[in-house]
Amino acid sequence: MSIETVNSVNTRQLKDMFLYVGDQVVACKPLLTKIDSAIGDGDHGIGMSVGFTKADENLKANEFTSINDVFKTIGMSMISSMGGASGIIFGTMFVGGIKGLETKVSLDLPLLAGIFNKALEAIKQRGKADLGDKTMIDALQPAVEALEKSAAANESLVEGLRKAEIAALQGVENTKQYIANFGRAKSLGERAIGHQDAGATTVLIIFKSMKEWLEGQENG
Amino acid sequence: MSIETVNSVNTRQLKDMFLYVGDQVVACKPLLTKIDSAIGDGDHGIGMSVGFTKADENLKANEFTSINDVFKTIGMSMISSMGGASGIIFGTMFVGGIKGLETKVSLDLPLLAGIFNKALEAIKQRGKADLGDKTMIDALQPAVEALEKSAAANESLVEGLRKAEIAALQGVENTKQYIANFGRAKSLGERAIGHQDAGATTVLIIFKSMKEWLEGQENG
Amino acid sequence: MKKIINNPGNVVEEAIEGYMYAYKDSLTKVNNVNGIIRKDLKDKVAIIIGGGSGHEPLFLGFVGEGLADGVAIGNVFAAPTPNTIQDVAKSVDQGKGVLFIYGNYAGDVLNFDMATELLEFEEIQTQTVLVADDVASAPEERKGDRRGIAGDVVVFKIAGAASEKGWSLQEVVRVTQKAADQTFSIGVATAPGSIPGEEEPPFVLGDDEIEIGMGIHGEPGMKRTKLMEADDLTDELLDILLKESKIQTGDEVTVYVNGLGSTTLLELLIVNRRVAQILNKKGIKIYDMDVNSYCTTQEMGGFSITFLKLDDELKDLYDAPADSPYYKKTQKIGEEVK
Amino acid sequence: MKKIINNPGNVVEEAIEGYMYAYKDSLTKVNNVNGIIRKDLKDKVAIIIGGGSGHEPLFLGFVGEGLADGVAIGNVFAAPTPNTIQDVAKSVDQGKGVLFIYGNYAGDVLNFDMATELLEFEEIQTQTVLVADDVASAPEERKGDRRGIAGDVVVFKIAGAASEKGWSLQEVVRVTQKAADQTFSIGVATAPGSIPGEEEPPFVLGDDEIEIGMGIHGEPGMKRTKLMEADDLTDELLDILLKESKIQTGDEVTVYVNGLGSTTLLELLIVNRRVAQILNKKGIKIYDMDVNSYCTTQEMGGFSITFLKLDDELKDLYDAPADSPYYKKTQKIGEEVK
């Protein structure tokens, strides 16, 4: 690929991108474990590793003809292997946005923003949590908003992801101030304050890794 | 009592002497625990405390008309409260020597030597252990021999107990070289070497405390 | 933490294999998922239980006559996946409906609910009763937020007995919900457990610290305090439990004293003594007491006390025979079969 | 070590009290001593078991139908006193004789033997079968020196079933001795237990050290080694156990995988999986497997594996129903009552 700005990825590139994302999340397992231990039950890193390892396996074992299939494979891998809250929640982050979507073979920023926006709604519906409840939504929602804003400004895919990462990071920071209303940290009350949410951290890692992979493509 | 050498004790004094002995053994509970932990199951100090505490209770609750009764009360207190190997073994150390003995109201060195000698035989018969098996016998047998020798030389009761203590101490030292053939240290083989036997240590404490009590009477 | 395991990623699968070797005469493994069902399925409402691993014998130990018909097993401390639940449900359904019973945790609710949606497509009728017995996890006003802990077991017992009687799904749900509503627990933690394969414990307690009300995944409780004598600690727990449950003089309860892992039966029996003394003093009738480690968190230290407040209907169901690998209730010889 | 106790000197008495509150319908406390007996004593040979406390549910948990008629309970890790044993024996004797069954430890032998002497005066006929299943504790030439560990339970089971059939004392002794002779165990320790009230553990193991063959009171075993994977460890234990027991292709065994306290059921099931795999591979028939923590040493880490080699007579007795608080064997519905 050229050093030009990447404005869209095809099915094969999308698969490669998420293989890279998965590797990064798996590499962060100890960090996620530590964060979930502080206010949850300590298994978030393990769960995400299981999910992305399964996704990795299923991505590698198959050829894909649409980006819909890539998203679906990742999401269903998570839902069918992880269990726990995050199996459904992160699974829905991938399958929730492609429901009813016509078959696509390339992904640009507007489409990505649209998919994750729909996924966000699906997550909220399933999990009943909203912004400020100290969940992954606190990172995902601002990230989605950043994607949308960037798309509206006709910015490139990589630029959109850069902004999404920044927004997700801010979201993770925000979770430190919240008490938890969902998940295992729920009963913690005031004690949760000062600690960041594990799932939100995973969302940050996902956006950061998508961006890194794209940057790698630009510079490569 | 005078500063004269004490040559015999009456029933009441014998009771007081063993109340003192009991206190000393109970005070040594942590030491005995530690020794039994190294090569046994760590409960010898607890067991001896239980036994002497029960003896203490029964000695204090009753008036005694013979030294036989004092010995019997101590021994039966142990047998009926301690359990474990040492309940029988140390119980027999007190009841084993007065079986068939005519009623006595005072105890001198030859009688003490005789009682403990008979007790030693009873212990051997019950427990099937002998000198060199790394048990309390390794302290008791030399102590009894010292008492007998001292009695044969017409020495005083306190002198006899001084020599018994020295002999018991040597016996305890000897146990360090032995492998154990009885009790929980049995399976230890060579690994028991270097460690002293817990029961032998208790025998030493008993003789040492009897002597101390008598010396206290002389000086008092 | 020294754990007797192979690859940490395989603990659940391998434990299930080991379990199946031991109980293959009465249980069957469901293909491809971590689910187990009874061999002698009856033509009745099916009871399905489930939850994360790491709490053994909960959940897999309670499949059998008079208890659950199937269990959906998750990874360590993680709810089972929707497809596991779905496959277990399909394997046990007799066309009379399926009742899901599990502890009230976000992850479990999400996964069982998704399974329910999937099962709707297959026209399998499902109902759910959540166990939310842990009074330390939320005040009465937010009862629906309470977590499920050892009380799971007694609710399974009631549901299993009701379904075994051939009751309709609606009736089984009604009485199971009644049992769940009347089940109250409180726990205390003295030491953390561990996640197999992880070096660090999920939480830390000081050398002489305990935490009253701590959840079975180390969820924070009501207060940290110094270690105290068994009787004082039991008194404090009972104060909370009696207040929250509103159980009072004249009521009748069955009591579970449940060890969390490394707290020994010797200790649990000492606690049980105090529970009985206090209940007797308060004039609360003791129908039965069960002292066991049913719901553990690996080698976590501590225990919980559970009360199920009984009425005649619940007593009858509680007394029914049960026969699973880790919970058996025998019919006494000469006793009338109800 | 944080223990949930009151005065350390009272743990045994208080635990017995707590136990009696839970099981008073089926058991009776013997006055003045730490002994418990069945309520529904039958006109048969009486089975008495006993030993030190701290190993719960051993020994007190195994009194009931098809198991022991009475238990004599000692202080923590100490044999029961002669008068405890004597009073328990007097309480259960029906004039058909009493069989003492206990683990082979010096203290237990001394106390039970003294009780035997005392009972002779009262013309109560007693016999003794020692359980000496721990193959790590002495080589075959000194089989009589072997300690008794988790194998106790399966021997109690056989004896209880035989006495329940109304057999004579001589016949019950014969078959119980046969069971004891055919019971073999090997253990491994990963962490020490504790004596309630004592701060220091009775032994120390390095952070990654385990000890193969260690006894249930921390008696030294065959070798210290590094922690290994469950399968490798199980293989090593099975090698020793199969060699010492001479159990071979074509033989039939029942298997107990017994946790020592803080080793979890999850881990024990993983061990059981490997045991089953190896036995299957070697063509040794598995009649039954029981994975439980029957014989513990407080919160000691580790486990033991026990084999009882079966013949037709032993199988029949093993299958008989049993019903005690911590061991139940149910008659399957439709199964013929033997």
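Letters A, B, C and D mark the chains as written, and numbering starts fresh at 1 in each.
Everything below uses one rule, namely that a contact is a pair of C-beta atoms (placed from the backbone, for glycine too) under 8 Å apart; a residue touches a chain by one contact, two chains touch by 3 or more.
All figures in this text were calculated on a predicted structure; none of them were measured in a lab.
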Along the shortest chain of touching chains, how many steps lie between subunit B and subunit C?
-> 2
Any chain in contact with subunit A as well as subunit B = none
Based on CA centres, what chain would you say lies at the far end from subunit D?
-> A
In whole angstrom, the CA-centroid distance of subunit C from subunit D equals 28
Distance between the CA centroids of subunit A and subunit C (whole Å) is 34
Geometric centre distance via CA averages, subunit D-subunit A, whole Å | 54
Which residues belonging to subunit C are in contact with no fewer than two other chains?
-> none
Going through subunit B residue by residue, note those that touch at least 2 other chains and give them in order.
-> none
Chain touch graph shape: choose line, ring, star, complete or other and state it.
-> line
Determine which chains touch and list them pairwise.
-> A-C, B-D, C-D
Partner subunit D, residues of subunit C touching it in the complex = 2-6, 11-12, 14-19, 21-22, 53-54, 56-57, 61, 65, 190-191, 196, 207-208, 210, 227, 229-231, 233, 261-276, 286, 289-291, 296, 298-299, 301-303, 321, 323, 328, 330, 332-333
In their shared complex, at which residues does subunit C touch subunit A?
-> 9, 52, 74-84, 105-107, 110-111, 113-114, 137-138, 145, 147, 195, 197-198, 200, 202-203, 215, 217-221
Can you name the residues of subunit A that touch subunit C in the complex?
-> 33-34, 37, 40-43, 46-47, 50, 79-89, 126-127, 182-189, 191
